[in-house]
Each structure stands twice: as C-alpha cells, then as structure tokens.
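What follows is a single structure, and I will ask about it in a moment.
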Amino acid sequence: MPFTAVDPDYVARVRDSFSRQRVMQTLGAEITRIEPGEVEIVLPFRADLTQQHGFLHAGIVTTILDSALGYAAYSLMPPGHAVLTVELKINLLAPAKGDRLVAVGRVVRTGRTLTVCQGEGWMERADGHEQVAMMTATMIGLPDRE
Amino acid sequence: MPFTAVDPDYVARVRDSFSRQRVMQTLGAEITRIEPGEVEIVLPFRADLTQQHGFLHAGIVTTILDSALGYAAYSLMPPGHAVLTVELKINLLAPAKGDRLVAVGRVVRTGRTLTVCQGEGWMERADGHEQVAMMTATMIGLPDRE
Amino acid sequence: MPFTAVDPDYVARVRDSFSRQRVMQTLGAEITRIEPGEVEIVLPFRADLTQQHGFLHAGIVTTILDSALGYAAYSLMPPGHAVLTVELKINLLAPAKGDRLVAVGRVVRTGRTLTVCQGEGWMERADGHEQVAMMTATMIGLPDRE
Amino acid sequence: MPFTAVDPDYVARVRDSFSRQRVMQTLGAEITRIEPGEVEIVLPFRADLTQQHGFLHAGIVTTILDSALGYAAYSLMPPGHAVLTVELKINLLAPAKGDRLVAVGRVVRTGRTLTVCQGEGWMERADGHEQVAMMTATMIGLPDRE
C-alpha cells in the first residue's frame, strides 16, 4: 500500500461519513475494510434491486463502487474536507448475479484538489466469484461547510 | 426525432420491461415519456436515497439515467431482444438537490449489435431546474432467452 | 450561446495558445471557429495518420476533439490561466474515412476550477458528412506559470 | 498471465497489423512486447507532438495507449478478425514530460464480440518514471473484410 493517511483518525472519519450515506442503509450495504487509499464495501443480493433479468441493476453496482472509490479518496484527505464525485466510468463485464457484490476502490493518484481512483466489483457465489465491473473515477475534495 | 421504431409495439414493450425492473419500484421511479430513441424517467427526491450531504447519491442519479438511456436504445430494437449496458460514463455537474430528478436518454447511433446513447439529468425545484449530470453509454442488444 | 467570455481578448488568446500546440501543426489541423464556450477544429485527411484499415486512427480523432473541447473551456477562462485535460471519454461511432474531420467542442458547465465539455466529430465527404465520434471531458484551469 | 492465445501466430499477426498502422510510424512508436492479452508500445518524446506547455499532447498519449489496448485485445482474437475501438476513457494523471512514453495495455475480459481492456502510460526520465495516464476501453472484433 503506497499511501499514508494524513489523518490518523481516517478510519473513524470514513465510518462516520459512510453511516450518514443514507442510501447505503436503504440498499443494505456495509463497509468491510478501510485502509489508507483502499476501501471495500459489500452489498448482499436483494431481488428488489434488480433489473428486468433478475441481476443487480448496473446503477446499483455503480452506487456501491462509487462509494468504495469515494471513500478510498476520502481516507487520504485531511479532516474538514468533503468528497464529491466529479465523474465516473464503469464497464459492466458480466451479469451481477450471485449472493453478494464485493466492491473494492483504490486511489491511483492524489493531487491538490483531485483524486483519481479505480476499482472492481465481484459477485460472490457458492461456487466462487466473478468480476462483474471495473470503474475509474475522479473525486474532488472540498472544504466541508457542515 | 430522426429514429423510427421497427417494432410498432415499442411503447408497450418498453413499459413492460420497465415494470420488471424491480429496482425502479424500490426507488420510486416512473417512466414518463417513451418515443422512438428517447425516454424520460422521473425520480421524486427521497431522503433515504441520499449521500452524506443530503443530495441524491451519484449512483442513484446514475441508476435512473442508465435506465433512461437503456430504454431509449431498447425502443429501437426489434421484439425478442434484451438490452444490457456495456459501459457508461457520467459527469456530475451539480449537487442533486431539489424536488425530483428528471432523466432523459437519447439514442445517438444504432449499429448491428451496439447502440450508443447520451442523456442528461436535471433537478426540478420550486424556482426552476438545474442540470446535474451528463451521461454517455454503450448498450448491447442480445436475443432474449426469456 | 449561453456563455459570455470574461476576457474580451479570448479569440486572440485561444489562437495564440493553439499556435503553440505544436502537434496541431504536425498533424495539419486548423482552428476554424472560436466563440465563447465553443470551438471548431478541422483536420484534413492524411494517409499517414491512419490505422490498419486506412481510417484516421481513433487517437488522432481524439487528439483533435480534445483540443476542441479544451479550447472551448479555455475561451471562458480569465487571462493568466492554463487549461489541462483531467479526463476524456470518446465513443467511436463510425470509421473515420472521408476528406476531413470536423471537431466541435462545447462547454456544458463551468465551475471554480473544473469545466465540463462535450463535443462531436464528423467526417466530411463528397456526398455529405457522418458523425464518427462523441466526446465528454473534464478540463481544469490552473494559474499559468509561464 | 491468465489468457491463452487461440492463434499460435498471434505475435506475427499483431506485428503485421501494427506495421500497417501508418500513424505509428508517423509518430515514431514501436511495439516492444507482445504477450497473450498484453502489449507494450513505446513512443520516444518529440517536441513536435506537444501541446502548448511542451508536454506530449493528451491525444498523443491516448493514441499510443489506444493501440496498446487494441493490440492486447487483438492478440487473443482468432485469425481473420479486425479490431476496432468502441470507446475509451483516459484519466491524465500528470504532465507527459520525459524521455519516452511507455504504454501497456491489458485484456480484462473477453466476450463473444467485445473485449474490455485497461492500461497505463508512464513517462521515463533520467531519474525514474512516473505514471501519467490510466485508460479503460471496449474493443470489438469483426470479421476482416480485407
């Protein structure tokens, strides 16, 4: 892991912000790993989050991955900053079917205001796991007005 | 509108598929316009779909836009096909705050198997509306196995 | 045109910067229109810029479009700033064959540091023209150290 | 390397196609490594390929990376196919200054018609190297009409 968190309380700060992302509770996602510049979020499969063929909707996969990449960026920011997504791109590699989605986000490059991240999403099944998505994104850190 | 639907029943076909996207009901989205190559979907704001600052999560905006672009592509496909998202990119232009998100998806180019689409998302408020997102995506049409 | 240039000398400023993009001369590109937030660049077809099937290489199409979008953003910046591409995405819609490539870049949204742009590329031929590419990009304005 | 080339002559086939990408000779690029699903291309720095600050133009970096990713995909295709770029996205991480650009493209997923790739670009300098770009792309394999 080539990154060092400038904020020693980065784990608590990420957890606190994640707990205020109400959509994560609505979808049933949990943050399962927080390291400097790398975050993992897990979403158990739910039939009420599917598209017309019974797979997790591409947008739901995007939602979980976007938060994983965003919190990877946020883990390296100093206190008093907010993180927002500037842009993201996702390639859907396979249908998102299985027991749960595991999304990992990683920082690739930090700058003064922008952080570039990438990540992958896997579906875990009884017989193994399959990569279903690949994402790249640009995050921006802004002084938090809250 | 430069596109013509090869399937005269494209409106019913789009509506039927949309009604089977269970995540749309879970989020509370409605399809409000279906034309050949252009589809509009509306999502009323809900606090349980927000990120840490109280705006609609970027992934939720993506979910609604992805369906709008996907159904724009689907409206031009012949019967017996399924539409899947190959990839999408979204630029978030402003915080998604307001009364409801209006997402419009449009076909830019149709090919033998791939359809390229673009679209925009606006937040409607009491005092007007603001563009909050811009998306481009590649959709694939596959013979439907259902 | 919804944008107003804050710098009354924006046309001269864009032309001057374009003339210092040495790759534009190497490729044979010309800037053919400069308006506030909108720029057009033209590249005559050259066989020595092609890929293996005799079409303009996707990267060359990208190069011309990237400059068109970048200068669209630059036209709205105050003097003393430099523009750099943060990220871009291009969808290739059709083979780039014909007499010349016409690339148009437009500003979608300006922020304090970031400008979001989109654009299209067409190939002009004796019998008409065809859209061959669609691009979206994020540009950043930085105080120019030169 | 998790991929196996179905064509035992994939190295010769990639080299032959690369030699017909006339833009690669025009820019001065060389293909330096060809493995199943992974290709490296090198471009020595040239002042006549720069943007207004003397760095390699983002579009030139894109051109080299696009070919690296495209040939990574092509290396896994059966004989008699052509490869075309459907879409690509590049994040520019740092100014492309240095002695030469090294671009590596890798296949992430192969499907019946589409291949998803990713890659990175580095600038090599006397004192080391720096990652300057990250790309993801979708490639399509079509029966070659030549």
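By written order: A, B, C and D. Residues from 1 in each chain.
One rule holds in what follows: contacts are C-beta pairs under 8 Å (C-beta built on N, C-alpha and C of every residue); 3 or more make two chains touch, one makes a residue touch a chain.
Since this is a predicted model, take the numbers as computed values, not measurements.
S.K.: Can you check which chain pair, C-D or B-C, has more C-beta pairs in contact?
M.R.: Result of the comparison of C-D and B-C: C-D.
S.K.: From chain A, which chain is the farthest off, judged by mean CA positions?
M.R.: The chain lying farthest from chain A is C.
S.K.: Centre to centre, by mean C-alpha position, how many angstrom separate chain A and chain C?
M.R.: 33
S.K.: How many angstrom lie between the CA centroids of chain B and chain C, rounded to a whole number?
M.R.: 28
S.K.: Distance-wise, how many Å sit between the C-alpha centres of chain C and chain D, to the nearest whole number?
M.R.: Distance between chain centres, rounded to whole Å: 22 Å.
S.K.: Of all the residues in chain C, which ones touch at least 2 other chains?
M.R.: 86-87, 89, 91, 116, 138
S.K.: If you look only at chain A, which of its residues touch chain D in the complex?
M.R.: 89, 91, 93-94, 108-109, 116, 118, 131, 134, 136, 138
S.K.: Within the complex, which stretch of chain D touches chain B?
M.R.: 86-87, 89, 113-114, 116, 138, 140
S.K.: Once bound in the complex, which stretches of chain B touch chain A?
M.R.: 17-18, 20-23, 25-26, 47-53, 57-60, 62-67, 82, 84-92, 95, 146
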